[in-house]
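Take a look at the structures listed below.
Below, chain A partners chain B and then partners chain C, in two separate complexes.
What follows is the complex of A and B.
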């Protein structure tokens, strides 16, 4: 269900019709800024700014966005905690009182930086994922000369994720109806059967799909039409904004290079 | 003239099960031909012979009078002439958007982009799916997917369209929309072959009916003629159309003077009932 919703938002949001190349360029450049920054300031700015864009401009429902954000957030938080405690030497900022563990100055700073970078980078990706349908990303990848075979595989995978997701959900419901998930042991058993069944189904479906493609004169490579959008359609105004924003970020990166909390 | 002609084709699956045995199937130009049969009778397998996806172990397939050639060039040619719409649209729609999927066939033929674009537009309009170009297939309903699958074949401009269970899994309205579309295409000169077990829908449209059971054609002819042979129909796990069944009961149980061939459609039944009344009154 989650994947379905994610895909729906990518198709129906207020930034859907913005030039794809612009969106890709914007999020990748901004992500690079987040990564080159040596202090947590810039990544934090980026995380807030991107989230604002997603919520206010693209009008993605905030409930969904928070749920979406929760996964990387919990990962980032764990990383932060472990880094703060186990990394680095130097002055202790906080004594934990068990096993002689303590948060070190080094560790805290490094942890915070990694945490900020994760959130900054992730929000950039989220911006892309929530405003741009996959098929348009595929076209962009074609421009940057991604090997065709990888693109075709990605295209087919993307399409069939939803087909198999449906199948899996149906099978799951069918198993649930017959109390397949009423205890831990039964759950494991049922899940195993579901997985193996799904595997066999992918095989059969693959063969069917291949026959259907062959019927339409498939010769081993999927030919695509000319692009309807081009990089030139970004427009001077958007390009200027993009450059200004990135220059602003670079200067903040420069001036906050040595900023530390402790 | 027969646009598709199979002569004594026999096919067994790699595991040895015999799927088709000495099948003779002819589709005459510009007609709607129905292939009726229960599940697993070999309908889909037979269809896959029409454009060379499967090669018979024995026998020949002719399209427009020419025997099928199974080299690359021959297959390219026959697949442009004979378009197959698969039963499950999810097997057929593979591209991330409707437009790309419909464009797949014409692109493979090697048409220039402008022509492809024109054909995509036309085909989508034809099936009533204009404006959906950028939708993802998984955001469409079952009936819409089916129509996109048909558009994907239409865009290749085939002479013959073969549809495997075109109405299965659709609601009554969706099913009748699809049948109506096929009827229109047929009126414009396209030969249409459909497999189905929906016996109520077939007599409305079909010019000729084949009954297949366990890989063998057991009956062939006009709908009236085929449904006259009630025993064969029932023996093949099929049934009479509801209307014909009603007329049969009226004759056998109530001794009303309706006789074989039983009317198959509401229109025909209405006429014969009115005729009875007129004769009496």
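What follows is the complex of A and C.
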């Protein structure tokens, strides 16, 4: 499954042992830079830089990386086309010659900006998702005083998502081989059966998990072994590089603020 | 449909975060109280959250031939109440952003408002409202309430998304942009919302048939309805 693969890449890549706080700080700050930019220049730089980091430094297979980016890319492209045609009031750049539609100047610029921002933001997100296991990501939230109960819920949920995904796929295949999805009415019925069975199963699993935890001295909090990693371990060199990179981005944001293609 | 990472200008990202945080914080307090009172509810909440994630990654068949995902709002809100559902939705949205590249981190606030707050609250209000009217005690009556809850939970989510996008890109005017986005989201979503309504009814009826005790524990159905189902069945 797709998610399983993503999980295994997050666990086995060349940037896995880098300080988690550093990775989180880096991608969130860069994401914000991409967001505040008013021209497509900075988001494009970020998209290229982040992709290079993911492919060359973390050594994620490019085939998998492209597959991961396909959903946001196709969505961003659709948005670009939609905005270029319908969101302009300025001069026409290109007449389409059908239904009186035309690509307008400001529509094109806005579409390009949003397209670049989506790609910039998503490459940052991909960097985070592909280099850091989910549990470590959640651990960093303790710093912003996220309530413990939420972190525990999230970690348990993450575990069960994969358990239930397997069951759901098994049930789906079983139904499909018995022509369960051959018509609309049957599809709805089968999907209802699948989802309700899954719900009942999840409920039983939850009860069993509680019993198992109770018999192992569960007192309301889940204790896990923690690797001692703190925000102070980032190191002066990494921190300096981070500050330099972000200052560079801010200055590019400032100097290219009025850059437009048309 | 989630709002993609980087789609909204930063002012709107911030605003929607500010709207979402108090509601989610209230939901967290509720969850804390529930799990302090009965510790066994913690794994149950976790598996329910995982269930919502799986539900929202299933493909939903629809009459127009296009496919979409059920939001799971209706079911979640009716089963657990809107405040708890909003917290579960927030966690699910983070997973969807990181695992499936749906949604995003900077637009998380806006997505929580549409999918975790407006949708579940609408579904819950509709369900409670229809049940309060108490027109009939048959099992089908609860199903009708569930159908409308799921329908409005799904549809209002998309109307909220359209509103958010129109506010962020008011070109040429707020009203015209709103109409453009509403045409894309709201109209195409009506058949999907109906499909989700039916799906939720099917799910609900199967659970009612197989394990009505779960629903009774959650105080979703009343013993009276269960008796009539038994009598009919």
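Going forward, the second predicted complex is superposed on the first by the 236 of 262 C-alpha atoms of A that agree within 3 Å, B and C clash if a C-alpha of one lies under 4 Å from a C-alpha of the other, contacts with A are read in each partner's own complex, and residues count from 1 in each chain.
Simple rule for what comes next: a contact is a pair of C-beta atoms (placed from the backbone, for glycine too) under 8 Å apart; a residue touches a chain by one contact, two chains touch by 3 or more.
Just so we're clear, the structure is a prediction, and the values are computed from it rather than from any experiment.
**Q** So, does A:237 touch the first partner chain B, the second partner chain C, both, or neither?
**A** After superposition on chain A, A:237 lies in contact with neither partner.
**Q** Once the structures are superposed on A, label A:158 by its partner contacts, choosing first (chain B), second (chain C), both or neither.
**A** Both chain B and chain C are touched by A:158.
**Q** So, does A:189 touch the first partner chain B, the second partner chain C, both, or neither?
**A** Only chain C is touched by A:189; chain B is not.
**Q** For A:122, select first, second, both or neither according to whether it touches chain B, chain C, the two together, or no partner.
**A** In the superposed model, A:122 contacts chain C only, not chain B.
**Q** Does chain C touch more residues of chain A than chain B does, or is it the other way round?
**A** Comparing touch counts on chain A for chain B and chain C gives C.
**Q** Give one of first, second, both or neither to describe whether A:216 is in contact with chain B, with chain C, with both, or with none.
**A** After superposition on chain A, A:216 lies in contact with chain B alone.
**Q** After lining up the shared chain so the two structures overlap, which partner does A:145 touch, if you call chain B first and chain C second: first, second, both or neither?
**A** neither
**Q** Of the two partner chains, chain B (first) and chain C (second), which one does A:31 touch, if any: first, second, both, or neither?
**A** Touch status of A:31: second partner only.
**Q** On the A-aligned overlay, A:69 touches which partner chain: chain B = first, chain C = second, or both, or neither?
**A** It touches chain C, and chain B stays clear.
**Q** Is there a shared patch on chain A that both chain B and chain C touch, and which residues make it up?
**A** Dual-contact residues (chain A): 134, 156, 158, 160, 163, 205, 209, 213-214, 218-219.
**Q** Could you list, by residue number, the parts of chain A that touch chain C in their complex?
**A** Touch residues, chain A against chain C: 2-3, 6, 28, 31-32, 34-36, 43, 68-69, 71-72, 75-76, 79, 83, 86-89, 106-107, 110, 114, 117-122, 125-126, 128-129, 134, 137, 147, 149-150, 152-154, 156-158, 160-161, 163-165, 168, 181, 184, 187-189, 191-200, 202-203, 205-207, 209-210, 213-214, 218-220.
**Q** Under the stated contact criterion, what part of chain B meets chain A in this complex?
**A** Those in contact with chain A are residues 48, 51, 53, 76, 79-80, 83-84, 86, 88, 90-97, 99-100, 103-105, 107-109, 113, 116-117, 134-139, 152-153, 156.
**Q** For the complex, give me every residue of chain A touching chain B.
**A** 4, 7-8, 11, 133-135, 138, 155-156, 158-160, 162-163, 166, 205, 208-209, 211-219, 222-226
**Q** Mind pulling up the chain C residues that touch chain A in the complex?
**A** Within the complex, chain C touches chain A at residues 4-7, 9-10, 13, 28, 31-32, 35-36, 39-40, 42-51, 53-55, 57-58, 60-61, 63, 87, 91-92, 94-95, 97-102, 104-106, 169, 171-172, 177, 180, 195, 198-199, 201-207, 210-211, 214.
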